[in-house]
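As structure tokens, here come the structures.
First subunit A sits with subunit B, and in the next complex the same chain sits with subunit C.
Take a look at the complex of A and B:
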């Protein structure tokens, strides 16, 4: 193992254990698990980024700065179909201007049509890496991501009704900790079997028709609990079943894009960019399935989600589903969010009766 | 049949192409008037408050046109010169359809998407099919319209270059999107103020697009937006020939928020003024900032001459 290279990818939900597996077992470099996001992270990020850039940029930048301070020297950024495309280059520029020295693996620069370009860029992470090793680590990484998504989905739907509090969360945290010490496919399989069984055997006391809420929004804000002020946890504590489909499995690994376009066709004839079509399709699905309410979160100024919001308003009118809209910037107060959530919960409760 | 063309967003990019195309086909059309306060106020009513100003203006124009014509012309353009456009241009159609759902608007559109080569013509061909116009007629009209647009752009860029070469006044490069700089409410007051201060504004948007976009790859590798590439390339090409640069941005423009930061970080030695325009009327603040910026440019130039 190369001791000199310490790679880091910004904090994103619970996926850091999957990325760790890929980098340590595939690329053969050390992986720095990014420290959990705190107020300090976002302060660092927003101090050094442009004013009205979308909030995920500030989180990513803050994460990168913290990682660099902790000794990381190889950073990376993914690409997407919105402003995310330009995250990498601007982040690199800002960090270099701040005086840091590091390698930057920017996926937006790769020309995916040419194998040579892919290879050259992968070598930025580790010049002595072997592509075979990366390829052999990939299935397990995907497996880990899928398991995490599966577990989180189950937890989201049931954690509000568990008999002994915090039992599920403890099991999930233990699973993640064990995953951080996994180095082979066999170990992972064993862990998966063991912990899924543990999770499913947790005692729950679920009423026949609990309040169900759909959770939709833009890619980062929906998935990273800190950036949406732990709305999911708040809802779970109120005893609500939370539905959410936006995760890596549903969007990239088993892309349901064609299905999504078909569902959202009635409201959005074309591709309206990034994850907006997913948002529309999910909200429509929840409305048709008779969920009690939908919560829509987005970061400030997210162009595709603003356009989706117009459509969501129509869905709300057509299907008589209440939708609560949140727009998060780096300075939204937690109390305001809580108050609005409580009012929404009271309204749902009254409606149910 | 009467077609309404909103004087907003992509109209400023393709005005001759669209109007000439309908002229050649003998289709009657109206263009909404120049933006005024009423249009912006009406647009803001329909828009979600976080929407950017150009989209609010656009919705205001649609509101003006909604009962004055049979069809409203809203094309959807995904790619321009092999780069992406802002996501708002992709969502225009659905945005209008959903916002004005109760008015039963009929929308005429062409959908310029994908990477296959004669994209724009393919899109216009489908438009002709929808209008039940013969393909040959449509092709003829498109060619003439395209040529008109081409010569119009060439004329614009040559005039701008002439000004750069010959003018002895202080020259300022205005980096703003076509729909901002051409708009009577957003861009024109700034240009007028500059002219009043005896400064020659050079509009980057009117310079040759292909040349600019080609140059922009030297500056930034992964900038995804074609219209921003145009501006960055213009800055790279003409930065030594002008005295200063003004970035005109509408609040909260997505692409500009990142691109402007890059420009400011990349060109440390060029005097840059960044102006953000909101839906408010007060121009006194902008005027003051422009005056002080021009003063600095004046000092800089005189210092150089002595």
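Take a look at the complex of A and C:
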């Protein structure tokens, strides 16, 4: 067995380029970009998970199995204030029972008040790492994440009106490919400038008052396109301006949690779990800004989002904004999703006239 | 005169309507899909052709809706292929312009559509499970040894409907068996079932919605007077059942075909042409998309199911 460390974090939107930068330039280990999620990923995940676990767990587990089969030997999982907190422990146990051999960096186990605990856990990734190097790679990593979020936000709002189809997607994909070969802050800065310029200069033909839809939901389902059956893409293809605020920038890097609690106060006095307060605040903001409709997605059985869902019904009534709800499991019928989206679009279009 | 054909191919039944330029229904048929939408549509077309024999109607445009809308749309060269929610809303608002709430219960789906000033403003459709839909009622009717057509009449005779769990079909069924075994009368059980269907519908689909009159109830189950009465008892308003309520999707999509202004060649000969579909798993990536190819007289005319360009089937 060779001793080279090959780290991998589960697939999550477009963030793997940022994680790669952190691991290769900060921790000094190789990073395996997880293969894109396919039906195979979710099949593997479902097969080896408890049936009633939330769907994102199945995606993460499937992704980790694929990564291990591709030679990864250091896996990691984040934590949160819902069942996400148990993901790491359960995943590690299932994978070890399956006979895999790997190091596991479980953020839920870190005591963030103790620098020693943090150090010990970071050393799971690479025992010889230098904390200075990790620290110096962080600003670029954060920069990459912010740029990705900025670009995706722009794309969501404009790609439906492209004059030449697929132009934005091609530019964004090229940017991500180049990022995967970036090793310095300077290189990244140059790429950022170049590709933002390219993106902004794509020709669009946008009507004055396009149909605008807000996209809200649980942290994973709303951010990982495969797990929400590419709803954003479907909407964009219908010529809709899509708004979505849930991303790493808005939740962790520049946490808006205090603001969110304030905005959602009228509807949710307490913390209703995980990112459900974000869901409420975002939906309320979209309703107040006069968006034509809101789509709420959650994974089947997500308790915090069930809390949010009942509140959204009140927002829908008070602000007269239609909300379409989806609950996804690993077995959801694609035709059913399309039928409902199509009808939602017909409804918004007829209302707009 | 010009005619417009609307076909609604559901999981359980297939409906067809031909309207003329004044939106009058000149021919219509309702038959079972029997798991083979293409064969059902062929039978449907034969019947409609017969009904139109002595009338001077030429079909210039076809619309399809229902779960097999895409397949049948290709087969009939349709100008409009529309989801069933929109089709139903258009159909009902054409016949009842003042409608505010539409209750719809079909073979395997149920939906609610809220309308304000003739426009759909909100809707909901059942998600994962088919509890409380037509197929549930017909299987329970079978279990009780009555035909689903007389179900409603029997329910009306009951004075004390039995309480039957409404949340889930499996619970409802075991409740029903249990109640029958301890001696509840058939009428009461059947009336209880109708009530359970309504409770289930209002709790799931209608959750958080306001039911303003006029309310129109449609879909196959609307023919069941027992369910209609249970709805009226539950919401406290009169519930209108149109005599063509079971055809509303087909009617709506015929109206959409007319409004589209697109005219395409259509001939009833389609019923004699051989159509075939084959499916295969695309081997090009790990998604293993299930691709469906449609052949007309052994010539490939359309294909779908691929998530990416790798799986695109070339149509020569």
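By our rule, the second predicted complex is superposed on the first by the 350 of 353 C-alpha atoms of A that agree within 3 Å, B and C clash if a C-alpha of one lies under 4 Å from a C-alpha of the other, contacts with A are read in each partner's own complex, and residues count from 1 in each chain.
One rule holds in what follows: contacts are C-beta pairs under 8 Å (C-beta built on N, C-alpha and C of every residue); 3 or more make two chains touch, one makes a residue touch a chain.
Just so it is clear, the structure is predicted and the values come from calculations on it, not from any experiment.
Undergrad: Give the label of whichever partner, subunit B or subunit C, reaches more residues of subunit A.
TA: Touched residues of subunit A are more numerous for B.
Undergrad: Touching A:270 in the superposition: subunit B (first), subunit C (second), both, neither?
TA: A:270 contacts subunit B only, not subunit C.
Undergrad: With both complexes overlaid on chain A, does A:88 touch subunit B (first), subunit C (second), both or neither?
TA: In the superposition, A:88 contacts subunit B only.
Undergrad: Name the contact category of A:343: first (subunit B only), second (subunit C only), both, or neither.
TA: A:343: touches subunit C, not subunit B.
Undergrad: Once chain A of both complexes is superposed, is A:50 in touch with subunit B (first), subunit C (second), both, or neither?
TA: So A:50 only meets subunit B here.
Undergrad: Would you sort A:167 into first (subunit B), second (subunit C), both or neither based on which partner it touches?
TA: A:167 sits against neither subunit B nor subunit C.
Undergrad: Scan A:327 for contacts with subunit B and subunit C and give back first, second, both or neither.
TA: In the superposed model, A:327 contacts both subunit B and subunit C.
Undergrad: Should A:40 be classified as contacting the first partner (subunit B), the second (subunit C), both, or neither?
TA: Second partner only, subunit C.
Undergrad: Just which bits of subunit A does subunit B share with subunit C as contact spots?
TA: In the superposed arrangement, which is not itself an observed complex, subunit A uses residues 300, 310, 313, 327 for both subunit B and subunit C.
Undergrad: So in the complex, which bits of subunit A are touching subunit C?
TA: Touch list, subunit A to subunit C: 35, 38-41, 300, 310, 313, 316-317, 320, 322, 325, 327, 329, 332, 335-336, 338-340, 342-343, 346-347, 350-351.
Undergrad: Please name which positions on subunit A make contact with subunit B in the complex.
TA: 49-54, 57, 79, 81-83, 85-86, 88-90, 93-94, 97, 106, 108-109, 267-274, 276, 300-301, 303-304, 306-307, 309-311, 313-314, 327
Undergrad: Using the touch rule from the top, collect the residues of subunit C that touch subunit A in their complex.
TA: 67, 82-86, 119-125, 127-128, 207-208, 285-289
Undergrad: Mind listing the subunit B positions that touch subunit A in their complex?
TA: Touch list, subunit B to subunit A: 48, 50-52, 76, 84, 86-88, 90-91, 93-95, 97-99, 101, 111, 220-224, 251-252, 254-255, 257-262, 265-266.
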